Each structure stands twice: as structure tokens, then as C-alpha cells.
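Okay, handing you the structure first.
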Amino acid sequence: MNALISTALSGVVMMFAGLFVSNKQRIKYIAIVVVLACLVANLAELSTIEAGDRTLYGMITVSRFSILFNAIALGATLIFFLLSGSAFENVGEHVADYFALVFFILSGITLASTFSSLLMLFLAIEIISIPQYILAGSDKKTPKSSEASLKYFLMGSFSTGILLMGITLIYGATGTFNVADLGLGAGKVNTLALCGIILVAFALSFKVSAAPFHFWTPDVYDGSPTVFTSFMATVVKAGGFIAFIRIFHGAFIGERISADWQLLLAIITAATLIIGNFTAVFQQSVKRMLAYSSIAQAGFMLLAVVSVNTYATQGIVLYAAAYSIATIGIFAVMIKLKDYTFDGFNGLARTQPVLAVTTAIFVCSLAGIPLTAGFFAKYFVLTAAVKQGNLLWLVIVAVICAAISAYYYFRVIIAMYFKQGEAETAPITGGFKVMLIITAAIVILLGIFPGLLLQLI
Amino acid sequence: MNIDWFFILEKIVLISGVLVISLVVAMYSTWGERKVASIIQDRIGPNRAGFMGLLQPLADGGKLFFKEEIIPGSSNRFLFILGPSLAMIVACMTSAVIPWGDTLTIAGHSISLQIADINIGILYIFGVVSLGVYGIMLGGWASNNKYSLLASVRAASQIISYELAMGLSLIALLMMTGTLSIKEIVEQQRHGGWNVLYQPLGFVIFLVCSFAECNRTPFDLSEAESELNGGYHLEYSSMKLGFYLFAEYINMFISSALMSSLYFGGYSFPFMDSLGLAPNLVTILGTAALFIKIICFLFFFMWVRWTIPRFRYDQLMRLGWNYMIPLALANMLVTGAIVLYRSTH
Amino acid sequence: MFTDTELLSATTPFSYFPIVLQLIAALGFVGITMLATHFLGPKRKTSDKLATFESGIEQKGNARQPVAIKYFLTAILFVLFDVEVIFFYPYAVNFKELGWDGFMAMLLFVAFFMGGFFYILKKGALKWED
Amino acid sequence: MLTVLLILIPLIAGLITFGLKGSGPKALGLIASLASLAVTLGALFQFRTAPASLQFNASWIPQLGAQFSVGLDGMGLMLCLLTSISFLLIFIVIFNREYERANSFYGLMLLSQAGLVGVFTAYDALLFYVFWELALIPVYFLCSLWGGEKRIPVTFKFFVYTFAGSLLMLVGLIYIYLQSPDHSFSYASFTNGSVAPQDQSWLFWLFFVAFAIKMPIFPFHTWQPDTYEQSPTPVTMVLSGIMVKMGLFGVIRWLLPVLPKGAYMWSDVAIVLSIIGIIYASCIAIVQSDIKRLIAYSSIAHIGLMSAAIFTNNELSLQGMMVQLFNHGINIIGLWIIVEIIQQRLKIRNLNEMGGIAQYAPGIAIFLVTISLANIGLPLTNGFVGEFLMFSGLYQYNVWFMAVAGLGIILAAVYTLNMVQKVIFGQSNALTETTTDLKANELLVLSIIVVIILVLGVYPKPMLELVSSTTELVNKVY
Amino acid sequence: MPVQYYIFLSIALFCIGVTGVLMRRNAIIIFMCVELMLNAVNLLLVAFSKMWADAGRVDASGAQIFVFFIMVVAAAEVAVGLAIIVMVYRNSQSVDINIMNRLKN
């Protein structure tokens, strides 16, 4: 609740900050302060829900879980601002507006983590999506950027239509939008509801770029300004997943109905994993590789959606945190580079050792190497899927894909450490290095003691 | 199936009547306009065709039929024809929810002098009127003429800009009346006072916006002869041009009717219920009253046209956005507060 | 079906029936007039007549070029604000039942409306003079 | 507590090393490995008096039932001993080498030591997995940074191979974890037999593939010769001397007791694969002319025998195999050291270009002969004891298997002696004539190795006693 | 009229929209097809709302509120979408999504 209000207001604040503050540096500082304030406001609510979840007009439900997730989203955004906030200036004139849009996306994410009505789910998804269309096209001079934006917009609004149809069919079958009252589990499976669920699954797969609905992702992520790709591929994607998992685990659970969509989602998951990982292998640009890897990572997060148990919910939180932080870190480094191909990273270890070490840590985290947060993230989603019992084939697919993912992730390390070259970078400030080190430290800390995060759930 | 043929017949007669009257009023508005202009400019105006030139509109109308129909070679033929047709159809459709009078009772049948009393009459009008923009846009775009295009774009953005303020100004009225049915609004005024007394500001805003919606001076930027050679219908000839012109006058007629109904009591007139006349007579008198009001408004439209100079485009947009909208909102809030205050105290 | 009472009570879809009739009438009128003028008028086409009018000078290029971005901006802003205005309607109709609570909620809504309005004003979205 | 110290010393020393300059890394590496050895010896002492005190438990991730649980049993102690001795020897041998970015080199070496010790001491499945991966990463970097020409693709293959294998193992671990009644990763709950027999059958493969890749066993071995060849020799020593033992250790600690029925079901297949590996690797070794590749293949052959021995379900062969873990480690490190010395002197690895070194460097020749004989398993060398026990176990299991595996011994003799002959005897050439004899540090290291070889060859009893407790434990469950 | 009529109508409209999105290449037409989909959903929601209201549910008007939300969001989408399409058109003089394959390589 607090998070929702504070992020929405922050967006407005940033909009008006752009009108009254002309110094771009100062706008960045304002944004950082504001996101911190949101974080504090969000955590302050923790004490008020001791007695139990708080529901507001049957529309949103605030729980410990949602607050924790929001804290992660806000924290990741804070890191994002600190690391890449200055890159906003390179995109275009309207820096404050970009920050405002980021805040609006955040409010969508907070809504995604708290909705208890399908109406709010729809709103959350849209509030997340629409600012992204703008951010994707914010580099107005580059045709690539505007095309990315158009593609994203067309595909995104199409999937919105699908989502709405799904919601409507579910409504037609049950007569309510309230997630808790859907009651799909009881009795016979309603065909109308099943169609609705499938459509919702498709639409959300679209939003989280799961195969076979992923085709927009690489183009959009590649075309968008890199700094926004960083945000879109991380925090936003996590937001999509939280919506996904909450609706499927919260509403579509029942004796038979779970099995029906589970198989569908399992197939989608397997396809996502395979396509994402195999295509990522062939990319020459790190940015594009990360786009495909985001598809691959989406596959892992889908594992959590497919498996209905507590490990899945814990896993999605941990995964969201681990994946977001690491990817934001890599993007932050990449923005500083002149060349986004793998060759652009050649010899970074010699020219910028701090950047190289931290990037290596982030990459390890994405690959799921132990002692980084990514390992426990993968561990949890795998455990969730194993626990599900009938999904072992999917687990095997997943681990093989994880091994493949090491291939392309480690190409970054190879480029940085083992290849000759002089990676050209923009001037690196000391503050940036310190922030990177802190971020890497968080990744490792979560990798050694995931309990720090888990005990909060 | 039990179909009430009498009802259908009744409606068909009413519809034909309304359409014919609209057209006649539109035609004679052109005559009136020229007469008013001549009076204001101290000249005589049309006086050749018939008494005081009263047959002039008929001659003009007939002439339009026999003029050559030119469709420019580089235009989009389908859209070129669709544009004026749409403008005309829209103009003809708006009259459907205007209550032209109370009910007449003939041979045991009570006949409502309103074509369709739907409970969302105002929304219907807004919906249909906003289609009118398409007529202008299509015509201007299909002509493939720089002046036409510019004029139609101007007209479109002008119309949509003033639609906002128009919509907002009506909300204050709706807060008082609590209904969207125009008939009911009129009936309320029949028993209470005219709404203009309670909503002067709302009325003024609505009036100004009506001017803009009808592309009337001082908001006739889309037809500014001096810069645009005649505006969006520059390439049009024969009856297609006629449709655009007619549509404009019909729109004027309908907005006059609407303003009369919403703010000036529509077909009601003072003491109509206390005179003790036969209901049918009251109804006829009410309709006459409505038309008198409409004619006053039409005259006002013309009066303004020949008195006030045209706005500059930026002035027009600034007026619409920067003044009308906040004013309408303020009016709405004040009205709301007063109404609530009075109902709770 | 199609009885007076049914048609006059404003809650059924049939109360829209006269509107359909009127639409047919309007279409018929427009169609017939269009056909009439088509057949009545003379047809003597010359290439000069069919050229688009540019105040008498030679026609230059295609007219369908992008117009100033301001017009698009106005259209977009209209869409947004119009939808917000639409929200006032159901509120206005039920305004008395909702009382002061509803009024406060509406005040908040208006505040957001004005916030957006103020923002676009300050951003210069409606500044027509350059 | 000593156990934790055993992990912490190399870990902390490694981390510090990254920040050092000049000869600091070298010194610290040596000191750290000496300290590790001392601690290991202390642990050895304590193992005799109070074995329970070597266990250490601390809370790690209570939500998962994962603990920081480390401890040492006989086998673990023996492997730790092997690790500390090996690293000490390696550090001594390379003391006079200059490595580019020495701080990173020594740091990574020490980190890999920490990972290895962690693997050998972990008594918690998740912890074991973490260390298992952790031992891999530094080695990957070591190979990729300081290796030969084709190091990048080769070590990459190695990395992806082992990573894939260990991920499969992770799935197995998770499955067993979820099956365990108390949802715990502890060794106790893993070995209490809660896994259903039908599950054991497929779970076996998840584990076995991971371990087989690490050992490596045919057909999972393809990464190994390339990696050994391309790695810098100190790293090759770690790889072949200690890291391959991780796989064998894993089978004994985490496969047999956890999935006894699965192991029983598939023991024939595992043994057949191992034996195919022996013959296959031996045959390739015979035709190898690159000395590093030759030793690499010989290692596959030896490991094949050991893995075959594990699955014989026989106390004798298990015991022999465990002793062989240590002995093979020592022997192969000895061989690598000599290869390193030769490569250092001659800058070539092709056997056909060598010859006659005995004349110019008799020290090298003596040690090469000794260690090679030990590697073949000549009586009175340390290799003999283990191999004898393993063969007798294999004989009891299936005489045909034993016969085929025995062929491996003969083949081993062929290629080893062939190598010895080509390197140190025969015609000398312009290149080999320049060979200088052993330096002091090399002499020291090789002497230590030879002493170990001979002592354990003559008096293997302490080793056998050390591992007997583990053997009994495994056999009880199996 | 029975609710099935509305359901069939809106499903048909929705399918037309989906087909249009998948088949057409002009960004504006695709966009219009998306709007068609949304409006089909609106119609269906209202129909369902009526259906459930007839079935005696008191909260059936919720679906109509939903329609309002959809309209607002659609408007926001229109605003953003038109802006994007105008931007693309000004950049590349075309709104054909097929020629936008510069991103592919």
C-alpha cells in the first residue's frame, strides 16, 4: 500500500522536478532520494501487517511477501539509479521524465505484487507496460530505438488484449474478479475458465518473454537505450513474474485445473529454456546475449511458476533479487564501454580490474555458480520443480540449459581476462567503482547467506 | 411477433418531420445569415428571388444539384465522397434525442415529440457529434490539397479541444439534474427554473464551445478564406459542398436546440402548466416556444459572426485549453460543493 | 415486443430503435441526394479541372506531408483528457448519493487531472507560438 | 575446529595473496601450505585420540536444513593429507619459477586448495556441492590464464562438462533432500536409506555422471587429455593428483552410502565402463608421443581401475582403492613434476625428440624410473598394495572383468616403460645434451615423493588402518 | 436477447482483431485491430455482467467498472501508441512493420 502510493507519487514528483530543476545531476540525486524514501515507506508498513494480510476494498492485499518483493524491486532500482543513473542523460533531454516513468513502472510492480482482483492484475500489467513503450523509444534520433518501441508497443498491446479476454472468460465462468473467490479448484473444471486461464498464461508469457512468445524481446532489448534495457530486463521482468506467480498460485489452484495449466506451462518453460539458451550462444553482442539470456532466465523463473509450493515463492523472490542485481551490474559496466560486442570486453581485466572482477562476479551469479546469489536462486526454483514430482524431465532440461548458459556467460569472462585487447571505456569515477563493489558484495553475501533474505518471507 | 405498426409509423412521420425541418431551418439560416449580415453592415442583402429574397435558399440549393461534380484526380475517391456524406449523416443524427415537445394525444395514442428518449441522451449527442470530426478530416485529407489538409487538421484539433471544455461544463449541470436524459432535464426545468439561472458560467462555456464545435466565427479558423482559400471543402463542388454547408447549419440548429433544452427550459415556457390550456395545445405552444428560443440562438450565432473578428490559431487554442478547461472544472467543483452543502443543510 | 411501453421505457435496447430508423432515413437522404447530384450535374472533365487547387500556381508535390507535431500532441492530449472527463459523467449522475465522501474522492481525481494539466502546460505542449 | 582451520588457512591466505606484490605471493603460498600440512598432521594425531573433535557444525541456512557441517574420517583425512602434501610439493617445485601476475596465480591455487579440502571434509550435501563447484572455478581460471596455446576452448570445455555434471548432481541432491524425512542436507539423513529403490535407480545416474566426468571415466573423459595438456603443469598436478580424486571420493562418500541399491543395480555397467576406459586409455597412451598426453591417458587408465574397484562391493578392493587414492596422487604428481622439469629444460614435450637424458641428468633419470615403476605398481612400491587389493576384489566379483582389467597392467607397463626408455635412454640429441640436472628444490620434492613411495610400499599398514573405518562404514550400508 | 448472441459477437470481433494483428503489416491497422480486440472484450464483459446480474449476483456491476478501466487504459495506450507511430513515421517515412528489420542484424 505504502509502496504503491509512494511510488506513484514519486513519479509525479519526478515529473514536476523536471519542470523546476534544470540540472540533470540534481534530478538524479532527487530520484535517488525519492526511491530511498519509497523503500523506507514500504518497509515501514511491515509493522502494520503483523496481525495478518491487509486487504483494501477487495482490490489489493498487502502481505509480508509483497512488501519483501517490493523492497527488492525498490532496492534493485536504487542500485540501478546509483550505477546507471547518470546514463539517463545520454539518452535524451527529458531526464526527469525518464525517472518519472521508471517510478510509474515501479508502482505497477508494487501493484503486481499486491493485487487481489483481476482488475488490479490488468492495471498492474498495463502500468508496467505502457511506460516501457515510451522508454524503449526514448532515443528519438535512432531509428532502432523507435522501431523497438513500436514493436514492443504492438506486441504488448496485443498481449494485453489476450490477457483481457482471458480475464473476461474467467469472469464469465466464475462471476467474480476477486482472486480469493474464484474457486476454480472446487468441482468440475469449467471449459470457459480453462480457456481463460490459458489465455492469461499466454498473455503473461508474452509479458515475461517466454517462448514461443519471446520473439519481440531481443529486438526490443537491443533497440532500446541500453540503460533502459537494463531496467526492463530486470526489475520489470521480475514484476511480471510476481504477477504471474501470484495469479497462478493464488487463483488457479485446484485438483484438476492445476494439472491442466501446469503441463502447458511446463512446455512453455522447456521451450523458453531451450530457445533462450541455445540462441544466446550464437550472439556476438553482449547486449543481445543478455537479451536472450533474459529469456533463458525467464525460463528458470517459470520453473517457479509451474511448481506450486513454498519453495517456488521463496525461489521467485530470491531469483528476482539475484538476477536483477547481477544484470543491472553487468549493464552498468556495459554502458561504460564503447563497444557492446564480446570483443569490446577484451582485456578489460587489464585496463579496469575493478570493473572486470565485479562483472565476473555478476556473470557467475547469472550462471548460478555457488557462493553467488544466482546459485541459491537456481537452487530454489529447481527444488520447487523437483518437489512438484512430475516435472523431473523439466528439471533435467533446466540443468542442462544451465550448463549451456555457463558457456555464453563465461564468454564475457574469457573476453575480459583471457583475451588480448584494450577495452575502451568512458571515464570511470571512483564512486561508480565503489558502488559496483558494494553491489558485487551484495551478490556474494546473498550467495553465502540466502537466509538473510529468506527469513523475511 | 406483435409489432406496433402505429408506433413505427408515428416515428417515421416524426423523423421525416424533424429531418425536413432541420433542412429547411438550415436553408433559411443561410438566408437569415445574409440578411443579418446585411442589416448589420447596413445593406439590403438578398432581395431578388421572391419576397425579401425568400426563395433564394431554394435557388441556391437547386443550383448545387446541377453543378458539375468535380473529384480531383489526385484525391482518394472513396474518402472524398465519404467525407461530406458522413458530415451530413452525423448532422442528421443528432436531432434524434432532442425533445421537440411534450406528448401529443391523438386518437388515444400518446405521441412523444421526441424521436428517442434514451436515458443517455447527452452521451449520445457527444458520441455522434465527435463523429463529425471524421467528416471534416476525411474531406480535407482525401482532397489531397495542402489548404484542405491544413484546414481539416486545424478544424479537428479545434473541435476536439473544445469538446473537452464542453463536456466539463455540462458536468456541473448534470450534478444538479442527476440525469443524462435530455427530456428529463427539460421536465425538471418545467417545474423548477431554467438552468441558466443556476449555471450561468456553465452556459457561457457551453455557448463558447458550441461556437467552436460548429466552426463558427470567431472560431472559423478552418474556413479562414484569407489564408486557406475556403478551408477543408476547398476542392468540393456541387452537392458535396452543399452537404458540408448544410451540415454546418444543421449543427448550428441542433446546438441551438440543445442549448435551449439544457439551459433555457426547452419546450417549456413560463406558466405553461398554470394557464389551464388543453394538453395538446400546451404541447404545440411548447414546441413553438422551443423554436423561438432556437431562432434567438441562431440569430445570436449570426450576430456574433458579423461582429467579432476571427481569433488567431494560438489564441483559439489557448482559450480552449488554458481558460475554458480550468474554468469549467472550477465551475464543476463550486457547483458540486454548493449542491452538496444545500442538500446536507 | 415493439410495443409502446417497451419502447418508451428507456431501459431496453428497443428504445434505440427509432435511432436506427433515423439512421436509415439519414442514409437514404444522403445517398439519394448524392446520386441525384451525380446524375444531374454536367460532366466536362479537363485535366486542369481535375488538378488540385493551389491558388492558381502549378501543383507542387504531394499534399500529404506530416503536419506540425503540435496537432498530434493536441489529439493525444484530447484522448487522455477526454477519457478523464468521461469519468466525471457517472460521478455527476450519482453525485448526490455519493455525498461528501464521493466529493472528496472526486477532488483527488480533479487534483490529478489538474496535475497532468499543469504539467503539460509547463512542458509547453500547448504553446502554439514558437 | 582443526577441520575448519584446514579450509580457512588456504582460503584466507588465497584472498590475501591477491593483494600482494613481488615475491610475497610465493612466500605466503609456501607458508600457507606448510601450515595446512601442519594442521593436517595435527588432525591426524587427533583422529587417533579423539576423532569426534574433528567434527564441526554451525548454522548456515536454517530455512533449508543446510548446515556448515564439516568433519574428517579416515578417508577424508587421507585425502586432506594428500592435498596438503601435494600443494606443498607443488609450491616448492615452482618456487624458482616466475609467473606473470603471480599474486593471482598463487591466490587461485590456494583457493582451489580450499575448495578441495572443503569437498573432502563436507558432511552436508549442499556444502559439499558448494565446495565441489568452488574447487572448479579457480582451476578454470588457472588453466585459462596460464595454460598453453589452445587453453581457452579446452578449459572451457572442461568447465562446461564438469559444470553440467555437477548440476545434474544438484538435481539428485535436491531430490534426496526432499525425500529425507526431516528435510535436511545432513550426511546422516542422506544415508538413512529413505530413498525408495526405484528412485535410486535413476538417481544413481545423476550422481554417477557428475562423478564420472570428474574422474573421468569413459565416455565422459574427452575433456581430460586436452585439459591436462593445455594446463600449466602445477595446475595439471592439482587436476590429476587431487581433483580426479574428488570424483572417486564422491562415489565413496556420497554415492554408495546414499544410494546403495542404485549402486548395486548398476555396478556391472559402471565396472564395464571403467574397464573399457582402462583398455581404451592404455591403448591411446601407447601411441602417444606427447609426454603430457601420455601421462594424462595413463591417469585415465588408473582411475578406471579404481572406479571399477569401488563397484565390486568388496571390502578388500575398497580398501585397496582408498589407499590407491593417496598413492596414485603422490605418484602422478611425481610424474608431473618430472615432466615439468623436463619441459622446463627442453621446452618440448614430444617423446620422439627426447632421449639420452640419463647421461646428462642422472638425477632426473633415477627419479623418473622410480616413480614410473611405482606408477605401474611394482611390488615394494606404494602402487603395488592398492592395485593388488583391487585386483583381488575384482577377481572375486567377476573373473573376466579382472582378466580384462589385468590387461591394463600389462599395457601400463608397456607405455610407461616405453616413455622412460624414450626419455632417458636412447640416442641423445643436440637438445637433450643441454639438460641440466635437478636443482635443490626439485631434488627435495622428488626425494620426499620417493620416500613416500618406498615407505608406503614396504609398510602400508598405517594407511590401511586409516581408511579401514571408512571402509567398514561404507560396507555396512552398501 | 440471449447472452449467447453477445458472446458470439464479441468472440467473433476478438478473432477478427487477432487475425488482423497477425496478418496485417501496417502498424496503424494492427493497432486498430488491437483496439477491436479490447472493444470485443468490453462488450463481452458487459454481457457477462448482465448475465451474472440476472443470475442474482449483487456485485455484477464490477464488470462494468472493469470496462471503464479498460477504456482508460486503452486511451493511454492510444496516446502512447500514436506518439510512437508518428515518431516511427517521421524516422522512416513508413509504418510498415515488415521494413523494420534493421533490428534483426
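Should a chain be cited, it is by its letter among A, B, C, D and E, assigned in written order, with residues numbered from 1 in that chain.
Criterion: contacts are C-beta pairs under 8 Å (C-beta built on N, C-alpha and C of every residue); 3 or more make two chains touch, one makes a residue touch a chain.
Since the structure is predicted, the reported quantities are computational estimates derived from the model, not experimental observations.
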Contacts common to chain A and chain B (chain labels): C
Target chain D, source chain B, minimum contact steps: 3
Contacts common to chain C and chain E (chain labels): A
Computing the C-alpha centre of each chain, which chain sits at the greatest distance from chain D? B
Busiest interface, judged by C-beta pairs in contact, is B-C
Would you mind checking which chain's mean C-alpha position lies nearest the centre of all protein C-alpha atoms? A
What chain is the most remote from chain A, judged by the mean position of CA atoms in each chain? B
Chain-centre distance (mean CA atoms) for chain C and chain D, in whole Å, is 81
Quick one: report the Å distance separating chain A from chain E, using the average Cα coordinate of each chain. 26
What's the distance between the Cα centroids of chain B and chain E, rounded to whole Å? 32
Find the geometric centre of each of chain D and chain E from their Cα atoms only, then give the gap between the two centres in Å, rounded to an integer. 64
Could you list which residues of chain B touch at least two other chains? none
Chain E, residues touching no fewer than two other chains: 76, 83
Specify, in ascending order, the residues of chain D that touch 2 or more different other chains. none
Classify the inter-chain contact topology: is it line, ring, star, complete, or other? other
Dump the list of chain pairs that touch, please. A-C, A-D, A-E, B-C, C-E
Chain A residues within the chain E interface of the complex: 119, 122-123, 126, 130, 133-134, 137, 140, 143-144, 146-151, 153-154, 157-158, 160-162, 164-165, 167-168, 171-172, 175-177, 219, 222-223
Touching chain C in the complex, chain E uses residues 1, 68, 71-72, 75-76, 78-79, 82-83, 86, 89-90
Touching residues (chain side chain E, partner chain A) in the complex: 7, 14, 17-18, 21, 27, 30-31, 34, 37-38, 40-41, 44-45, 48, 51-52, 55, 57, 59-60, 62-63, 65-66, 69-70, 73, 76-77, 80-81, 83-85, 87-88, 91-92, 97, 100, 102-104
Using the touch rule from the top, collect the residues of chain C that touch chain A in their complex. 115, 119, 122-123
What does chain A use to touch chain D in their complex? 314, 364, 367-371, 375, 379, 382-383, 386-387, 392, 395-396, 399-400, 402-404, 406-407, 410, 414, 417-419, 449-451, 454-455
